[in-house]
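So that you can tell them apart, the chains are marked A, B, C, D and E in the order they are listed, and the count of residues begins at 1 in each.
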Amino acid sequence: MNSIVATLVSGILLGSLYALMASGLSVVWTTLGVFNFAHGALMMIGAYAAWTVSEGMGLGLLPGILAGVATAALCGIVIEYLLIRPFYGTRHMLLVTVMTTLAALIILEKGAQLIWGAKLKQLPRLVTGDVSIFGATISWHEAIIILLAPIVLLLLWRFTAMTNRGRSLRAVGQNQDAAALIGIDVPYAFAIAFGLAAALAGLTGALLGSIRFITPVMGSEPLVKAMIVVIFGGLGSLGATAGAAYVIGLLEAFLILWIGLYWTPFALFLLMIAVLIFRPNGLFGRA
Amino acid sequence: DVVKIGVLAPVTGKQAADGEDMVRGAKLAVEDLNKAGGVNGDTFEVVVGDIGDASADAVATAAERLLGDKAVGAIVTGYASTTNFEIEMMAEQEMVYLIAGNSAQTAGIISPNPENFGTVWSLTPSYDGYNTEIVPAIDKLVADGQLKLPNKKVAMIASDNPYSKGIAEGMTKAFEAAGWQITQNDLLPFGEINDWRAFLAKVHQDPPALLINTDYVSANAATFMTQFMENPTNSLVFIQYAPSVPEFLTLTKEKSSGVVYNLLGGVLPREASPRADELLKKYEAAYGNEPGSYGIMLYEEVMIYADALKTVGDPAKRAEIGAAIGKTDKVTAVGRVMFDPKTHLSVQDNDHVPIQFYQILDGKRIMFYPPQYKTGDFKQPSWMK
Amino acid sequence: MSEPILKTSRVSKSFGGLKAIRDVSFEVAPGEIFGIAGPNGSGKSTLFNIITGIPFGPNAGEVWFKGKRIDGQPAFKIARMGLSRTFQKDAEFPDLSARETLAVSAVFCGGLDRRQAAERSEEAFALVAFAPHRRDMASAGLSVFEKKQLMIASALVSKPDILMLDEPASGLTKPEIQALDTLLRNVNAAGVTILLIEHVLTLLMSVSQRLLILNQGQQLAEGEPRAVMRQPDVIEAYLGKRTQ
Amino acid sequence: MTSSLRRFAPLLALALLLVVPFLATDSYTRHLFIIAFIYAIVAANWNLSLGYCGVFNFGHLTFFGVGVYTAAIAAKTFGITPWLAIPLGGITAAGAAFLIAAPVARLKGIYVVLVTFAVSQLAMQLVLSQSQITGGGEGMVRIPFLQLGDYSFIRDFKFGYYYVALGLLVLSTLFLRFVVQSPFGKALLAVRDAQDYSTARGISVSRQRILVLVLSAIFTGIAGGFYAIYLRVASPEVFGFGTMSLVLSMVLLGGVGTLYGPIAAALALTFLTEALAGIQGFEEARFIVVAVVMVLILRLAPGGLVSLLDRLRPSRPAS
Amino acid sequence: MTALLSVEGISAGYGAITVLRDLTLHVGRNESIGLFGPNGHGKTTLLRTISGLLRASAGRIHFDGADISRQRPATIVNAGLVHSPQANTMFGDMAIAETLELAAFAPRARAGAKQRMEQVLTLFPRLAERRKQLARTLSGGERQMLSIGCALMCDPRLLMLDEPTLGLSPRLKEELAEAVGAIARSGVPLIVVEQDVEFLLALTQRLYMIEHGAVSREIDRNDGLDHGQVMQLYFGQGGEA
């Protein structure tokens, strides 16, 4: 009983983290049709920027998180401008942007190592202390993440699905010319979409920086997870991404309980292949 | 002439922190040698071969580059590949190669034909000590009344890599032979582990007297310790290697007070070894931070080479230098180094390179075993009843 | 009427709640030009889709071709049996030249070897009057009309029994439509049965020997073109007041 | 004139490569060529599925890894002569590709990325967990090396290995040339660009995709086998992300859907990174430089390196 | 009175390919014009250049007195110059209702968007039936309706239609002609590119024939040419009638 509750809680925590990691990736994918391999690196930049302001300059954690979000957003906009924009509409755009975002990943990772060195860093937590939920202990910081994730997702969903500004981001991804001809400023929309996604990455990174360690390569595992979540959910919508994040989080937690940490990735991958064979458009994807 | 010292190190990639230590250690040694006027008139220079993510071709390419440089007299490393396969390349070209990596692999490659590996020597002693010595060390603590254990159960978790897994298997045998009961024996995939709670939950169901984690990655170990402390069981926590990395302390802070670890071929505590104290001070003066083991070990490797070069004279006679290294008998920061001709590993016992048991107490490392180096006493961790 | 070369019996296709095709049965005789018309969204293209299995077959009903039941067969096999179609939205293989497009089609659809394929390609090019000096450039650079010619030629190169054309005249100028008219007659004269979806009435009325009108997925009328077009319900649903 | 240059450029390049070992007598330079040749084979064959057929196969390095372990196990565990162990890698890799291809053939676009990526992770897990066969994380070392009669391929400063690697590259290139110039190869482009239209022309999209995966695996697996025999080691890093992105960059830089592009890019990238690696204190920065160069090439020559050659020709008259 | 739109000596093309060469034309404030000519001779390219999707390499374009030749499409749309492109596939993964709402994106189009939506849905009842259907699953004609509907949602002051009847049934063509005619009469001039002569003649007062990227002939229907003569000219382009 107790272990079921503990597993549930840790599954939901994992799901919340995955949702945060994947939402930005999903925004860029569903709007611009770009698979951003630098997404994890943007998380890392967010974490380092937060660390520099919070610990390096001693200005405190909240200003740090803000700095992390802002820095990542800025990096995102620069990446979009230099590495993505020139390739919109070219023949092999998907592949070429895979490469340019991989290049961005390399530049950010190696650059971070040059700036901050290879040693691990960590941010303090938003709130210290632990909290017990039906007998399962997690830190307050993690509890806050569990609460925060759905809020962020909801706001993001409202924005992209319900507002014209948000829809315009999707429109430019699907048909630039048509978008321009109904009065959408295409370059601006691209910048907004990418900046928004990068800001989300920055926030995620700053939050992760307190429960994991900040290293130049800290983004690679979240990137893989985000990628799995986004594709597994089905590429159609943010809702699908969120759903997949929690499904995978819970699944992972219970698999760990049942078959142990060692075989969990194995089982998870196998399961995903199976799901995609039977639902070729992802778990929640539309046919 | 200038003799180049090649350093094979992960300067970029996941292990870059280790790589940085290695390069700095070697550089420090070279500076010292040059300041003293070199050896027989030869001065030294460091060249780095970055092995990046340690894939076989990256290691081979870096090694080839160093090997191809005629001015390179010796290559030193902490570790390069996960398999140590580059040893073969070094032996083929009679390159002097000093390594401080996984000694089980090293011995595996060398011991079938030690005569073919005349230039390859390992500062790390045999890992057998990791497997066996923990049982007598714990027994002694209990016998001395410093540690009270609730039962004779042990829970183990290891990461799926040769080092962790090998040690965990060895320990399991040793504990079973001593009549302990193994309650958990889990294996994790190698890599980043962010959530140990599932394993800890299982530990809670049957709390053991001893909880052993052989995952040596310091970030993983730090997470493990933090999550263990969220809801500790009445168990002594032993973590392999990781607590010796300076970062572990900064990351875990007060949460790690009480944890035990051991080291084979590690740098001795400065209180116990004047040599270690001297080198650590030197390193800190040069780089402003305390190095991990590799910073000091690479320094010593370069010095061992320099000594051998001094006796042989000509840096081109690498086979002879290799033979000279094999005859080393030198007090270093890791203990008195002599090499075993059968395995080319340094000799391990309390009078040579010892196994060192430490406990972290209030942010300090206390070495409590072996007695001749001991810097303090073991204390029952605060979370244990 | 002789034994039909193509026959559907009560085929249906629905998308979610929408019944795009409902119980449609018709027969096409060998050698005829069979026109299909109807309001936008009445299911004409969907009918082509379910007959050829690209990209989906019918939910219910049967499709018979040359006396064999073909619904449920893999689409590429249906094509190889001799049922060639084109698409409403122009399709092309942008990196292949016209010659290569025909060669691929001849080898895969017609089961020919390379030499035969080359010969057959010449015939097909000639049939659609494809300009010789444009045959070796990448298809992406062809003009609208040339792309249509190529699409038809590649459908013909495998010597199909039936050629199915989905709005081939859309976007063409009058002279081009005239050329298309001639082309279709030539193809038909060479023994190929043609199914033609078309909104351009001049072409449709000029070449069709029989006409099927679809409305909301159902058969509204079928028969001799001029007679069909005079039916009040056809005028109401499809032609509008003035066009008569 | 220019088109004949285009035809003879590969032959000219081959002639140059044939004399390299006589000009570069040190084992380091030869080693770099050998590694570049191996990657060139892997990249060029990857391009067959990725570039020509549009299958976003992110598990291509799995085929390489299968080749590596096949040759390692065959030569070391079963004592099969390395000369046979290397081609054996091609056979098992093709078999593995066939297994993967069945599920992949049904999927579209980016979904293929996930499944193939997942498969490559599974393969790595499998290698790690079957340690009694594969050596697990420890890998396998001391794999037998090539010998020809009394001539041993080690300690000859890699003279022999150079020609074996070059020979494999030539074979692989001839094979790829044959494939892409056949109607089958043309049909790959058709499937990539217009699936429904291809189906309507009697092409089975899934059969094409399955075949292309299997064909692309053959020489990739052989290259893997050679890699194991040459370096005498098999370790799980071959399945890693780093190797994958390196080879991917070769495909894209060289030019998607071109025959010689990935080969040129493999050589260029290998030597560029190595040239920079020699510079002290530049270890991080060199990756940044390479990344920036990569982006610049992609911007200036969207068709890849080989399209730069085309630029030299007078541009086609506008139609 | 100045022209509403004047295009003076523009040249434009794609990369190294020049399509438009020194093309000049104008649209008055109370007239609609038609463009015709063989395929591939630059009609679409002209509209794309006017709406800012392509940048002219030479020449000037003025709309309502302002030079728009260097403006972004978004600015041009917001000025009321709206272009409904040829064979537009719209936003494949967006539903009809969403797309139409979004189409009133330009600030000037926001006021009265509800009303215009009503108009569009009355003109194309099929769109009202299928509010939730994704654009990529629409039939050819339905897609054309959506595309024109979007242009109308932009509250045009000058409406450019590129082959609007492509794939429409005869009846719908007729209805479209009526509706667009009504829009024109309400004071929104049109530029129509069409292959369907009837449609073109029903809506426009002046015709330009575009050949090889330039105006090869201008036909003013008020100049006393009768219907038959216009038809003659129109088909003169290719030979037979």
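Keep in mind that, in the parts below, contacts are C-beta pairs under 8 Å (C-beta built on N, C-alpha and C of every residue); 3 or more make two chains touch, one makes a residue touch a chain.
Fair warning: this is a prediction, and the values are worked out from it, not measured in the lab.
Student: Which groups of chains are still linked by touch once chain D is set aside?
Tutor: Excluding chain D but keeping the rest fixed, the chains that touch end up as one piece.
Student: Identify the chains in contact with chain B as well as chain D, in label order.
Tutor: A
Student: Quick check: more C-beta contact pairs in C-D or A-D?
Tutor: Higher C-beta contact count between the two pairs: A-D.
Student: Using C-alpha centroids, which chain lies at the maximum separation from chain A?
Tutor: Chain centre farthest from chain A's centre: C.
Student: If you average the Cα atoms of chain A and of chain C to get two centres, how far apart are those centres in Å?
Tutor: Taking the average C-alpha coordinate of chain A and of chain C, the gap between them is 47 Å.
Student: Chain B to chain E: how many Å between their CA centres?
Tutor: Between these chains, centre-to-centre, one finds 75 Å.
Student: Please compute the C-alpha centroid of chain A, do the same for chain B, then give the distance between them in whole Å.
Tutor: 36
Student: Can you list the chain D residues in contact with two or more other chains?
Tutor: 125, 129, 284, 287, in rising order.
Student: Name the residues of chain B that each touch 2 or more other chains.
Tutor: In chain B, the residues touching two or more other chains are 12-13, 160, 189.
Student: If you look only at chain C, which of its residues touch chain D in the complex?
Tutor: Against chain D, chain C makes touches at 52-55, 74-76, 79-80, 84-87, 91-96, 100-101, 103-105, 107-110, 114, 117, 137, 141, 154-155, 158.
Student: Taking the touch rule as given, give the residues of chain D at its contact with chain A in the complex, in rising order.
Tutor: Of all residues in chain D, those touching chain A are 50, 56, 103, 106-111, 113-115, 117-119, 121-122, 125, 129, 241, 245, 248-249, 252-253, 256, 284-285, 287-288, 290-292, 294-295, 298-299, 302.
Student: Within their complex, state which residues of chain A touch chain E.
Tutor: Interface residues on the chain A side: 164, 167-168, 170-171, 174-175, 177-186, 236, 286.
Student: Going by the contact rule at the top, pick out the chain A residues touching chain B in the complex.
Tutor: 2-3, 6-7, 10, 14, 110, 113, 117-120, 122, 130, 137-139, 211-213, 215-217, 221, 253, 256-257, 260-262, 265
Student: Touching residues of chain C toward chain E in the complex: what are they?
Tutor: By the definition above, chain C touches chain E via 15, 18, 37-41, 44-46, 88-89, 143-145, 167, 170-176, 178, 199, 201, 237-243.
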